[in-house]
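Labels A, B and C are assigned to the chains in the order they are written; within every chain, residues are numbered from 1.
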Amino acid sequence: MKSVNTIVDRRDGKLVMAHFYVAFIALAIGGLAGLLQTLVRSGKFELPSWTGYYQILTIHGVVLGLVLTTFFIMGFQLALVSKTSGTLTAKQRKTGWIGFWTMTVGTVMAAVMILMNEASVLYTFYAPLQAHALFYIGLTLVVVGSWIDGAALIMAYASWRKANPGKPSPLLTFMAMVNTLMWIVATIGVAATVLFQLLPWSLGLVERVDVLVSRTLFWYFGHPLVYFWLLPAYMAWYAIVPKIIGGKIFSDSLARMSFILFLLFSIPVGFHHQLTEPGIDPAWKFLQVVLTFLVVIPSLMTAFSLFATFEMYGRSKGATGLFGWLKKLPWGDARFVVPFIGMLAFIPAGAGGLVNASHQLNQVVHNTIWVTGHFHLTLATSVVLTFFGISYWLVPHLTGRVLTKAMNKLAIIQGVVWAIGMTFMSGAMHAAGLLGAPRRSSFSTYGGSEQAMEWIPYQVAQAVGGSILFLGIILMLYIFINLAFFAPKGEEEFPVGEVSDAAEKTPMVFENWKLWIGITVLLILFAYTIPFIDMIENAPIGSKGYKFF
Amino acid sequence: MHIHKFEKIWLIFGITTLLVFLTVVGVSAFYMGNQPPSCLATINPEKVDTTAPFDEPGLKKVEGKEWDYELIFVASAFAYNPGQVEVPKGAKVKVIATTKDVIHGFEVAGTNINMMLEPGYISEFVTTFDKAGEYLIVCNEYCGVGHHMMSSKIEVVE
Amino acid sequence: MAQPEIGKKTNTKVEDQSSLKGTLASVFLLGFFLIITWVGVYFLFLDRF
């Protein structure tokens, strides 16, 4: 079926671009913070006295992990729905704008508190470190705003279904819907700890907070958070990249099935972030480890689908031999090359993730800088490079401009620069982590410890990588500004993949949200109810707040 | 729903691999006792200094237990008590630690001793110190402005 | 999106398997990488106390 809109309506485009402006401002600020961190950790550079490593680190985490991602993803999903299910109604668009402004106000509130050094608690804000109440309120508004954006998406989906009874929704709309629903179910956890625990406690209404309950609610949210980042990249890999290369989607049904598996299994797995902590029975930890491994399966399916799409396309162009099809891929097209680098990065990223989640193996790497290296492959390479790859056509599409040949070339250079920088930085982080170097720590020789001395060369390599990556960020910002304001006028294609002729009819069962959300909730209850009751029944006295920053 | 034959082969291979991984860590955890640190005991974090065994941090020989020594650590911003300790090589030791204020990490670099210390909870890990050398203990969870200064040292001596 | 394709779903499957052998090889390379990484860290775990 043809896509509903050839061009995304200009009014929807404005809403999407508003999200993107905030996202790319976040990239600039967070990227600079990241550069400073790697420089400090090399031991060769000191921050001015009016700021500190942990304040900068809080900015980096909040602005890139929460702001860049949420704004980009919500904007992208609005664009997908507007493109594949039809222009938003006035009411839906207005809802989207309310969501956008709510998130923006929240972001500014949290940012001001961080800048005033009232909230140097990092983006995980673990109690009993206590930030200013306005920081928590700001984060709440970001989440609530994302729910309002999500409501706009759900309303648009509902109108499509109403207008097309008995038909499966467009693939990209369906995928955006899965991610939105997963996000809503997951953010209930973080909303609960912020609203019922941290906010009253930071306002002085209650004296003490239950630390373990707060952490558990955070990580109930924290793992699906990473899938909330990843799924939009998967949307592009499954349904957009095939069109860019001129091929077909391998299978519509399998794509939907893998998304449903993500919805089911990405939430009841938060304990794998809490494997080394007290107060949780190891049997329950292991159960969630098993569930974590189940969420690997849809990624295995994704890997196959992507390779198959590439191979089928290459062979249709006459490729021979085992890997001849690789040569037929459009290596001169940034819209393909940049997300492709992201796909490659997901191979070591996935391998590291399996290690992290493997119960007692976690002791080897837990809270070492290996973990930082890991999520700079997943989020900061696979996801972010795919977002950049999307921006290269979506931004000009929305602004009525085109990606010129010169910009396309620069975009490919940007992707390569990123890959080189990340190889240095993430590679050195993984290696140092295996030697025991801790994450989230400023430069330290730990009193001249021999072991800490071994880590320093790796920290220098991280600074080299970080500097190269910062160059990549400057290039990206330059390209974004060009595409948003200066590129020649024209019509840039919004690529939406078509399903391969050999694929079968999409079963309607995938649209049965009652069923999928029902199973999701059951799995969550199964994985969390008993350990959660244990935590509350056996809780120690709560903690008072500390401001050690 | 049709699944390509090769995709079936791949999924069977992949899922089998995952099952093997899970079996290895599961057998190791439940039959060989290699569980991650998961002590369920609680403590009043404001009375750590007067609560046994934390009133006497350091290494203690114990009798009639499955381990020969107990090594007690108290963490607080931004130090560990004791700041340095010697352990005889080959000793089977239960490391017992807790925090008096915020969350801290307790990682003995280059070993499997790696646990979170959370206010109100006691963290424990049993291991045999079978390699001589000097091991750095670092705080690996952000605890405040002095986080990177927070360390201690274990010397495993012949 | 997939609607008009439905009618044509019963395509020949003659080339079906031979044409995806590169995919099969690729995913298995990926699989071996996962295994090597995991086993590597597992041995590190066994080696350390």
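Miscellaneous remarks
Assume contacts are C-beta pairs under 8 Å (C-beta built on N, C-alpha and C of every residue); 3 or more make two chains touch, one makes a residue touch a chain.
Just so we're clear, the structure is a prediction, and the values are computed from it rather than from any experiment.
If the chains shown are joined wherever they touch, the resulting network links each chain directly to all the rest. Comparing chain pairs A-C and A-B, the larger number of C-beta contacts belongs to A-B.
Measuring from the averaged C-alpha position of chain B to that of chain C gives a distance of 36 Å.
Averaging C-alpha coordinates per chain places the centre of chain A 24 Å away from that of chain C. Averaging Cα coordinates per chain places chain A and chain B 30 Å apart.
Among the residues of chain A, those touching two or more other chains are numbered 300, 304, 308, 354, 358, 360-361, 363-364, 504.
Residue numbers of chain B whose C-beta contacts span two or more other chains: 4, 6, 10, 14, 21, 110, 112-113.
Counting partner chains per residue, chain C has residues 16, 20-21, 23, 27, 34, 38, 42, 45, 48 touching two or more of them. Considering their complex, residues 1-4, 6-7, 10-11, 14-15, 18, 21-22, 25-26, 28-30, 34-46, 77-78, 101-103, 105, 107, 109-110, 112-124, 134-136, 138-149, 151, 153 of chain B touch chain A. Interface residues of chain C facing chain B in the complex, by the touch rule stated above, are 16-17, 20-21, 23-24, 27-28, 31, 34-35, 38, 42, 45, 48-49.
Chain contact summary for the complex, chain C toward chain A: residues 1-6, 8-9, 11, 13, 16, 19-23, 25-27, 30, 33-34, 37-38, 41-42, 44-45, 48. Every residue of chain A that touches chain B in the complex is listed here, in rising order: 52-54, 57, 120, 122, 126, 128-129, 211-212, 215, 251, 253-254, 257, 274-283, 285-286, 289-290, 293, 296-297, 300-301, 304, 308, 354, 358-364, 366-368, 435-444, 446-447, 449-452, 504, 507, 538-543, 546, 548-549. Contact residues of chain A toward chain C in the complex are 1, 3, 84, 167-168, 170-172, 252, 300, 303-304, 307-308, 310-312, 314-315, 321-326, 347-348, 350-352, 354-355, 358, 360-361, 363-365, 434, 496, 498-506.
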